Amino acid sequence: MSDTTVKLTDAQIRRRMLAEFWFYFSRNRGAVIGLCVFVTLVLMAIFADLIVPHDPTLQYRGMEKLPPVWEAGGNPDFWLGTDAVGRDMLSRLIKGSQYSMFIGVVVVSIALLGGVVIGLVAGFFGGWVDVLIMRVMDVILAFPSLLLALVLVAILGPGLTNAMIAIAIVYQPHFARLTRAAVMSELKRDYVSAARVSGAGNIRLMFRTILPNCLGPLIVQATLSFSSAVLDAAALGFLGMGARPPAAEWGTMLAEAREFILSHWWIVTFPGLAILISVLAINLMGDGLRDALDPKLKRS
Amino acid sequence: MFRFILSRLLYLVPTFFGITLVTFTFPRLLKGDPVLLMAGERGVSPERHAELTAQLGLDKNIVVQYFDFIGRLFQGDFGNSLVTKKPVLSEFLTLFPATVELGLVAILIAILVGVPIGVLAAIKRGSWFDQVSMSAALVGFSMPIFWWGLLLIIFFSGTLGWTPVSGRISLMYFFPDVTGFMLIDSLISGQKGAFLSTVHHLILPSVVLATIPLAVIARQTRSAMLEVLGEDYVRTARAKGMPARRVIGVHALRNAMIPVVTTIGLQIGVLLAGAILTETIFSWPGIGKWMIESISRRDYPSVQSGLLLMAGIVMLVNLLVDLTYGLINPRIRK
Amino acid sequence: MKLLSRSLIAASALALSAAAPAMAKTFIYCSEASPEGFDPAPYTAGTTFDAGAHPMFNRLAEFKKGTTEVEPGLAESWDVSEDGTEYTFRLRKGVKFHSNDKYTPTRDFNADDVIFSFDRQGNAENPWHQYIPGITYEYYTSMAMPDLVKSVEKVDDYTVKITLNQPEAPFLANIAMPFMSIVSKEYADALDAAGTREEFNNAPIGTGPFKFVAYQKDAVIRYTKNADYWGTPAIIDDLVFAITPDAAVRLQKLKAGECHLMPYPAPADIAGIKADSNLKLDEQAGLNVGYLAYNTTLAPFDNPKVRKALNMAINKEAIVATVFEGQAEPAKNPIPPTMWSYNESIVDDPYDPEASKKLLEEAGVSGLSMEIWAMPVQRPYMPNARRTAEMMQEDLSKVGVKAEIVSYEWGEYLDKSMEPGRTGAVILGWTGDNGDPDNFLSVLLSCAGAAPGGANRAFWCNEDFSALLQKAKVSSDPAERTKLYEEAQVIFKDQAPWFTIAHSTQYVPMSNKVSGFVMSPLGDFTFETVDIAE
């Protein structure tokens, strides 16, 4: 059997894997839409300062609480109207994408990095190290995540950086557990013993040999965490524990807008809509990724 | 079976101590001095400050404070709130039924709506129903519920005037608390319309709280069903000419329910977190809102015991799920 | 309606004694927060007093409704000795305490109750001083009562003599405050015997116009009319507090007819309320002030010229219009215009960036950068400090002053803003306790207040100003006191330790059916005079 297969170089294998991944991913219409929206959001975030029609922090005196342009009393200079102190809603929403993307990236990076290292250590060394680490993870997971994040933010002091750290701490046990489980099952495989026999060191074994083989579930978990992070950061902002005003973070905007819920609907509606759309896009993408990366689902 | 339960319980002991350590330490790391918060703009003289700190027991060695805390825990004493000066446990217990009621109704909605949708979507895979319901589920799953709650209030309470804005029952009705569950108490009271009023007040908050669990359950049920429907024994049953309804009802659904039960159990934590937001929006007198207030007032004993009790509840529910899982699926027990 | 009256009767045996009225009037108040407890002495929040001290208790002296004047309450009259240190109170006879299903008083209110009410707060040896573990009497302490009151003696059952350590003009206003509510000694003894002391706080017994019925935590408080009230009994039969923390939700409930009256509407909603034909809106200048306090001990802010210059750079009118949405009066004095001795003749520093620049040049200050501290919470005197700070920042940049906005968590903010070396100018404010100018000026601007534990956040210590206050404090002649306080305000304006921002207006929206509600300049909500039309 083995002599019939053509020897492929690493690059070729990688290319083939990517092609296969894209084949399954692109079959999922939702995932492609999600990807498009997500790319748009990322571009918007990167070029936010260039494309905003107004300075998002500039207060136009006398222009407070203008309705969107299609409503009576709207001003064509402010497409989506203005907020309580006369700042352009559209510009603030665009600027807000920067915050949300930033939050997602930072939270996922910290949680992923921390979780993977912890999980690798626990899974690889086993014994009391494993028991201790996993008990600590159990403790973290025993608290409702938003509540724990709230308390952590209250300790660290309200603010965007601290909110991100708090959310990352709350998320990292998921990555740790996932990695640990993957490591434990991979350790029994032949290729690991083979690598061991050929004299690979622990660190090399962990990162070069085992880690690449449990990437799939980690990527899926990372996407999920990205969307949850955007959502939780907004919730913290809404409860007054996230980004500080005048930051144009969507949740914070929503919190500031709460008093206008019955009088000026657009100040309340748009930031929430922005959160929903970005979270939805990422989740759509996540679904596509899961289907494309999970071999079991591929068959069905 | 007994050994299985016992081993699970023993497994929880270190976690529990970890939790007490966390719940004890965290509130003490909070910035902001409760004595100063009580004094407000007025300020407090250094002597008086020292006096009050001592009175609150905050001047003792931190280790001594921890063992005090553990010791009193085992006597069922969770300390007194710094704000109301009342025992934290009694405050928690007065508010807890409101949260439980809201949570139970929400999870009930989520199951009763989510499971059938999931099953139907799986059976009619690829149909318009499948596509619409699963898209809706994904939207629900992505929903910032604090915003969703506000939107529903604007529309149903503001524009249409159909639902009350907040509270658990119309103030027209007044009866003593028997169980703390308004649905039960209103029935016991025998007052005409009281039960309906309670239901009326529960609708919006429970729908908001149910949104995410419903989406998760619907998605999970669908994929579990799909998996089971593809299994050999279902195919065999089908091939044997068993009516489709029986195949789905008897074989597929029962087996598909195993992962769904786990999912439902995992939603408890989600519900408690959601309760924080939902209760804040709807002025629902439950523990979620109480925790937020306690944190912002730096009410150490309330924060610490509230965290402990909530973590304890999550832990217990997880244990129950574990045990149920063991019951449904004997393979796990060994 | 019928249903309600029946259930109330079933719930409270008290109502059985009175013939059930055909049309029981129930008044619903959407209150903004839960009371911390019902005992008026250990707590400091206005909400707690609205739920406890005001409906259910009385004081020896009371504030006349709608004013800050003191009138007789449970004391029918009083004499003050020549030197102003001895007060003799003659108590009202035939005043009945409430009863509930576990307790019925056997005697009327008398001197023992007065002595108990003072002693339990001031005397640490009193067995009721710590009837709940961890309890403290913050108001009693912070109004300096322990240093002030030398003794409280019973002359006979209906006469009490209070001796002070030094003459103090605001004393009568102090004892009219909620924390000095008279509680029942007999009830305390009965609870002692039953071993249920905490009921003193949970099931309160007072002499006030309403009796306690039930409290569902964070949801509803119910009261019923006290038919045996010594004063004019309440018009409504039942009083209900529906606890609704969110302002938008409160308004929604008011509009839906789920309550009759609400406190603290969101500024954004005022216009809508005015336009609603089913609602009416009472308004009154609040007994408060919002300010920006410079650190007057730190260069260059120790120079009055610099402070004046900065004051002239900030557009006060714009802040009032935007942040307060016009619902405030621009402030020129440290005390509000509703308070006696408010100095009308003072002229505010004009908004004039050019003059400001010139003044800064004269003072030899250029390229100044400073911090503005914005508190993180909303207070009655300041709807949004952050927004205010942002506007100040922009105004200051126009005169070449670079301002950075700083904020801390609330408790930390209060603490750090009182640290002597503080670098920034701090936004804060004050709401009056008892309507006496001393309660603003001494607390916020005297030399004594600048010490640790005080509340003088400008750290401003002007000998002349403080001397005037001291003279006014020991004088019992209102005309003389007025003159002294007016003079003090002149010094204040000249030295400019603060940028005075605004006195925010208090609004009370209510249903058109409500009549007889009297707004209190002290911000209290009381309901014995209200009526509702069917």
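In this document, chain identifiers A, B and C correspond to the written order of the chains, with residue numbering beginning at 1 in each.
Here, a contact is a pair of C-beta atoms (placed from the backbone, for glycine too) under 8 Å apart; a residue touches a chain by one contact, two chains touch by 3 or more.
Just so we're clear, the structure is a prediction, and the values are computed from it rather than from any experiment.
S.K.: Comparing chain centres built from Cα atoms against the global Cα centre, which chain wins on proximity?
M.R.: So the chain sitting closest to the middle is B.
S.K.: Report which of A-B and A-C is connected by more C-beta pairs in contact.
M.R.: A-B
S.K.: Please compute the C-alpha centroid of chain B, do the same for chain C, then give the distance between them in whole Å.
M.R.: A distance of 38 Å separates the two centres.
S.K.: Report, in whole Å, the distance between the mean C-alpha point of chain A and the mean C-alpha point of chain B.
M.R.: Using C-alpha averages as centres, the distance is 24 Å.
S.K.: List the centre-to-centre spacing of chain A and chain C in whole Å, with centres computed as mean CA coordinates.
M.R.: Going by mean C-alpha positions, chain A sits 47 Å from chain C.
S.K.: Would you please write down the residue numbers of chain A that are in contact with two or more other chains?
M.R.: Residues 154, 157, 258, 261-262 of chain A touch two or more partner chains.
S.K.: Note the residues in chain B that touch 2 or more other chains, in rising order.
M.R.: As it turns out, chain B has residues touching two or more other chains at 31, 153, 158, 296.
S.K.: If a residue has to touch 2 or more other chains to count, which residues of chain C qualify?
M.R.: Touching at least two other chains: 246, 252, 409.
S.K.: Please output the residues of chain B touching chain A within their complex, sorted ascending.
M.R.: Residue list for chain B touching chain A: 14-15, 18-19, 22, 26-27, 29-31, 135, 138-139, 141-144, 146-148, 150-151, 153-154, 158, 226-227, 230, 269-270, 272-274, 276-277, 280, 291-292, 295-296, 303, 307, 310-311, 314-315, 318.
S.K.: Under the touch definition given earlier, write down the residues of chain C that touch chain B in their complex.
M.R.: Residues 3-4, 7-8, 11, 26, 28, 36-37, 42, 44, 132-136, 138, 141-142, 198, 201, 214, 216-220, 222, 240, 242-246, 249, 252-253, 256, 258-259, 409-412, 414-415, 418, 428-430, 443, 451-455 of chain C touch chain B in their complex.
S.K.: Going by the contact rule set out above, which residues of chain C touch chain A in the complex?
M.R.: Checking each residue of chain C against chain A gives 246-248, 251-252, 266-269, 271-272, 318, 322, 376, 386-387, 390-391, 394, 407-409.
S.K.: Could you list, by residue number, the parts of chain A that touch chain C in their complex?
M.R.: 59, 61, 64-65, 84-86, 154, 157-158, 240, 244-246, 258-264
S.K.: If we count contacts the way the header does, which residues on chain B are in touch with chain C in the complex?
M.R.: Per the stated touch rule, the residues are 31-34, 36-49, 52, 55-56, 80, 82-86, 91, 94-95, 98, 153, 157-158, 161, 164-168, 170-177, 189, 191-193, 281-283, 285, 289-290, 296, 298.
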